[in-house]
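Two complexes, one shared chain (chain A), two partners (chain B, chain C).
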Partner chain A sequence: MLTPPQSEAGRFTRTGKLTSILGTAGIYVIIILLLLVGLGIRQLDYLSLANLRSILQAVSLLGMCCAGLAFVVFSGNMNDMSLPMTMALSGMMAIQLIPYGIVVSVLGGIVAGTLVGVINGIMIGKFRAHPIIWTLAFNLVLSGLVRAAWGGSQIYPDTIAGQNETAQATAETFNLFARTYYFDGALPLMVVVMFIMFVLAQVIFSRTTFGNKLRIVGSQYEVARMSGINTERMVMTAFVLCSLCASVAGIFYASLTKIGAYSNGEGYDFRALTAVLLGGMTLAGGKGTMVGVFGGVLVLGMLTNIMTLIGVPTFNQYVVQGVVFLFIVWLNNYLEEKRGHA
Partner chain B sequence: MQKTSNALDALNRNRAYLILALVLIFALFTPRFYTMFNVRSILSGSALYTFLGVSFTLCLIAGHMDLSVGYMATTGAMVVLGMRTNSGLPWWLAILIAVGVGAIAGTINGLLVTKAKIHSFIATLGMQFVLRGSMYMYCNGAEISVRGEFTLTDAINRAPLKFLPLSNLFICTLAVVIIYLVVLRNTRFGRNVHIMGGNRETAWLAGVKSDKLTTLVFTLSGITCALGGALFAISQGTATPTLGEKGIPPLMVALTATILGGTSMAGGKGNVLKTFASILAIMAMLSVLTTRYGKFELQILFMGLALAVAVIYETLRNYARQKRVGIRPNLADEYARETGKTLHIEK
Partner chain C sequence: MNGDTSAAPATRTAPLALQMCRVSKRFPGTLAVDCVDFEVLPGEVHALVGENGAGKSTLMKMLAGLFGDYEGDILIQGDKQHLHTPTMAKQHGIGMVYQELSLARSISIYENLLVGRLPKKNALFIDKKKALIEAKALLEQVGLGKIDPRLDVAEISQCEAQLVEIAKVLGSEPSVIVMDEPTSALSSEEVKRLYDIIEQLKAKGIAIIFISHHLQEVFAVADRVTVMRDGKQVGTYNIKDIDTEFIVEKMVGKSIKDFYCTRHPVVTDDVMLEVNDLTRWGFFHHINFKLYRGEVLAICGLAGSGRTEIAMSIVGAAPQNGGVIKIKGEEKKINSVSDAIAEGVAYLTEDRKVVGLALTQDVRTNVLAPIIDNLASGPFYHPARHEAIVEQKIEALSIHPNDPERLVGSLSGGNQQKVLLAKWLATDADIMILDEPTRGVDVGAKQVIHDTILQYAEEGHSVILLSSDLPEVVGLASRVLILREGHLIGELGIDDISENAILLAMNGKGEHVAC
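Now for the complex of A and B:
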């Protein structure tokens, strides 16, 4: 805290080439390094279509969450801790509504999930609740609600559909969501949806007034408010978009596992935040791009993939993820400070 | 008008005791609530959560959030039994090592926050995963139990006075609460923590070394949580790496009690005794719910609702106040200085 003020010149000479490279394209440098590591371990197998597809498919759920969460982080609200229950709720609603047809089922799931974001948005955007404490609290409420509503049990598409022929067909369609592939099994539907979300998010960030306003809200809330931006609506929209993406991910999760359970999205809050921060966004908000976030998602997926290939047990992977997470956040802070943005 | 708002204010400030009283009155209509055995099990059951709640309150007063309290307790629990059962060390050494590990983890948290300048919420979130993974690695995913001799387990669960439902474990808990109460209220350390949480700049101007103090707060939090976990594991005779995640997460109990107890979410204000009262209220409420409905889901729902209602209430209160004062309350002071008139603003 008692650091002497640096002179302007000192600040600039300290910015080395390495920091600027790491700052802009850092995440893709890491991706290439990881690719090399993967090649070293598995030779050319690593670059095979099957492995690349499995990496992409494994990160697609995480990617969908990140595409939404990026808005929340960008708006300076740190994290949406109710992400896991949003995913679980939308998946369970979708499965519960299967007897009414596939359209109702999917829409119901998305609406239920988005409702979480609306409530979060009203509480945090309008009434300025503490984002972490409120979303943690709401996550607990939702967890209680979901458990009480379904009696604490899991639900399955086939049993919900019952003996009804059409409902069974709907359940089949529902289960097929996560198992649809294009181009002879090269491109899963989940990956396509993830890409669409990222492209849309990138367009929103860089080409719309909403994106620009959100950047100001994220970097300087007071300035945004005083320059006439409707900050309440900006933050609300960010949370709604976040839970919209999370509920789509939740439906895919339920379709992939064929199970609707309160534990469906467990751990996604932390992993999504890790990926978003890896991608160069900062917790202070207002910094970062979707291209970077996509890189962050890829790095997290490749890290898990490589660790699994080497044979690191799941529990040890927790430690590695935690350490990587802390290291990345520290590196981000450090580089920002070096560049004089701290 | 003024009088009623004062009375309401006092009521709100002491809402932890109010909730505890309400739950206890409600419990009158629950069969077999006020039996020696039930009261003792509630009090003993609150021990672990009290340790966590007290640590969480301490951190929140200092203006930080320690999300790793739950896994810190797991660490204490696993290490103490691991050292005793697997390594065969004497109890006192095992407890010392467990507390030491907690202290180290807490200090790392503190250094991450002060030296690496990571937001406390993020630093402890990462630490949570590191601790969780390393505890799984330490025990290979299995549970560790006390083997053979249960003298300490019996001693810690025994009630020294036959006519009072106070086990030794609960007496330890009370001692910790009292120590924290005295330290936070009557020492320079406690006052500095309050100043630092209230306003970082004021603390700096007042000469408080906030970096050192923050690290110390996190270290203390780690020590308390690890000690709580260790005592809990000894009293149960077993420890699992899922202590921090099964059922209602201990972190959520600590958070709920802290917020219900009136600790300010922005820091600088809080009372350990009120947190303790809230923990007792929560444990009594869970017991009543179990007796009446016997459903685990309802416990989670009610806990969540209690926390959510408290957060909503605080938020709306803050919102109404900001509407009245404006975002910058110092403008009201300026207005008073320039015009000689004072705005009546409820702080």
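Now for the complex of A and C:
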């Protein structure tokens, strides 16, 4: 068949930066706008250390999830819908293992959560299951398993520790994770962990073979395969990294609330994806940076913060978050279509 | 451009089924169809032939209403019509039978046949009984009277699906049916069945435009033939007055060989690649050939002959059911593309937009994609540090604009193809398999790519060229293997290579074919 030589110039902008209005630069413009709104409401109080800290601390769990989820989105697999149960599972496992010491507890939680990513990776990377359908179904399976395993009840670090004094001390340590601050309370440990994750993720994206291969896998799977890239392993690794980060977030969540429950990670699937997409990554994959994703996380955090300040009720906040999500997904599709990728 | 006298239609009394008067279609940079006069009589089978890129498909797409902005007039049954949309074309009695089947596989035959016009009982329900009767009647017209129209399309054979496709077109009562390579999916027995159906349609006074690369089919079924070349009409001939050699000569025309470099690299006796008995069931069987150092070996065959599949199996991107691949005399097991790259075999894929290039990434990312592991130090890899490689390739292939950070999707087709070639040259492979390396690129880029291929061979590497662009094969190849339905059926040495010889050999008519 004849394929007429058509000019493609114009269907793509020169570097693609312009098409992504909410690219790295754009998201920080929004942050400044939100800062101004905040200043308008609370005057200089808004920029107080306490408020900035509370914004950062509030987004740190979401940020950890996003640092991992970014790999999945970047690889062109859209979202990890099993994020909530990964968080719940790692938190509950860590609490359950408190009697065996803090090291076993934390490692156990991380291993349990990461295992979710290994299974996701095998199913999606090797057997090419649909990422959304598979992780959604697997999330349901996990929530059933978790409820069956713990008889549908919540668990608490101090009750699990029982009367044993060393175990009680371990429970204390566990609860302290989310309450550790550096520099006179200015810098929470959770925020430090989130920052470390973002820096590592950025290095992996830009300076490792894995990150650079993942970029090609994400932008065109078949091209990667025909370029000699082990596409299966790349996708598997992306899901494993995603679950690893979610497990850490899950442990902090359990430590913060002092509760291990199957509902621990609820809502993190969509909130994390919203932040990642706000940060300039695309559902099609292969685009975006961690600097941008961090901006996306901040915007979502500040939005929540401002809504709380002006007294928007929690349920109404969900509506706003949902609308932001729908908008960003629409924008994503719209820009892709404009770029001729429909 | 009508240098040859057109054959006069037998009778002029009835209005022409179709008349295209001085039609042209312009794409940015090219005139795909250049002032063509094309007419078809009622009840005539009119074959349309030409090499790839001659403008056949574009001409037919105009007729199908896919281009609103053609120049010239189209007359159907003597009335001037503007065919701006596919629906308009359909309404005016143009029926298109496409190469790729347009049936929905998971729904039933009758729903496919009557899509968009299922008879209704009332506002809510369709009249299934009536629909089945209508579908049955259509199927009978194509000799499928015994098939149950309630079956899903997925349940019938590919041949039957092709016939259902024709039945679907008949449903809109066309006066002209265009068949674009209708036999590409059919076995020779099934082709005969198609001929019978074409005879029946002819008897009903329906005009048929028949496009095929298989010239013997043209002689078997057509009444007249129009030859196209470079977007222009070469001439229209009565099939009785001509033979295969005549058509081939007209298709090829005065050779534009001068445009191609005719230098040929020195071929040595070193065997670089030896393929013994390579088989992939259903695609190709017992393929044997040797590739020498410094050689450009072309493998030619009609669409569906298995060229791409052979290349895919050699580089480990598709399975093989038997056979031995030796690289520089040593037997190698190649199970993946990365194995192939490690053994010094590169495969430049056809269709750069789907399997060739990541269009949303920049030139640098694309060029370095296959060699990330070679450039890495441990797990670490920093693309910007290897700018020299990219810049050297940009320079060597004069990729324009010469910016490694430019998105590949924003480049012209020719420059995209250069990036694809740069990507595989960067692997420093000794053996390069090039699948349609210049499809859809402009003349300038073609020249650069051809020069680069020859230079690569002259440097002591080897090239396997899979191309349906025959002038390109003649200009570059030092040896041509002829592939037909998955079997190598012949070989042309350097002195025998000409477009005519290759075309005849591919159609099973050549003197050099050693079956």
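Quick note on the criterion: the second predicted complex is superposed on the first by the 305 of 342 C-alpha atoms of A that agree within 3 Å, B and C clash if a C-alpha of one lies under 4 Å from a C-alpha of the other, contacts with A are read in each partner's own complex, and residues count from 1 in each chain.
Note that in this section contacts are C-beta pairs under 8 Å (C-beta built on N, C-alpha and C of every residue); 3 or more make two chains touch, one makes a residue touch a chain.
The model shown is predicted, which means the values in this text are computed figures rather than measured ones.
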item: Which superposed partner A:286 touches (first chain B, second chain C, both, neither); value: second
item: Which of chain B and chain C A:222 touches, first, second, both or neither; value: both
item: Which of chain B and chain C A:207 touches, first, second, both or neither; value: second
item: Which superposed partner A:230 touches (first chain B, second chain C, both, neither); value: second
item: First, second, both or neither for A:309, with chain B first and chain C second; value: neither
item: Which superposed partner A:155 touches (first chain B, second chain C, both, neither); value: neither
item: Overlap of the chain B and chain C footprints on chain A, listed as residue numbers; value: 1, 222, 225
item: In the complex with chain A, residue positions of chain C that touch it; value: 27-30, 32, 52-58, 99, 180, 317, 336-338, 340-341, 347, 349, 354-362, 365, 368-370, 372-373, 376, 379-383, 405-407, 409-414, 416, 423, 439-442
item: Residue ranges of chain A touching chain B (in the complex, touch as defined); value: 1, 78-79, 123, 127-130, 132-134, 136-138, 140-145, 147-148, 151-152, 222, 225, 270, 273, 277, 283, 313, 315-323, 325-326, 329-330, 333-334, 337, 342
item: Chain A to chain C touching residues, read off their complex; value: 1-16, 206-210, 212-213, 215-216, 219-220, 222-230, 284, 286-287, 339-341
item: Parts of chain B lying in touch with chain A, wherever the complex brings them together; value: 65, 112, 116-119, 121-123, 125-130, 132-134, 136-137, 141, 204, 210-211, 252, 255-256, 259, 265-266, 295-305, 307-308, 311-312, 315-316, 318-319, 322, 327
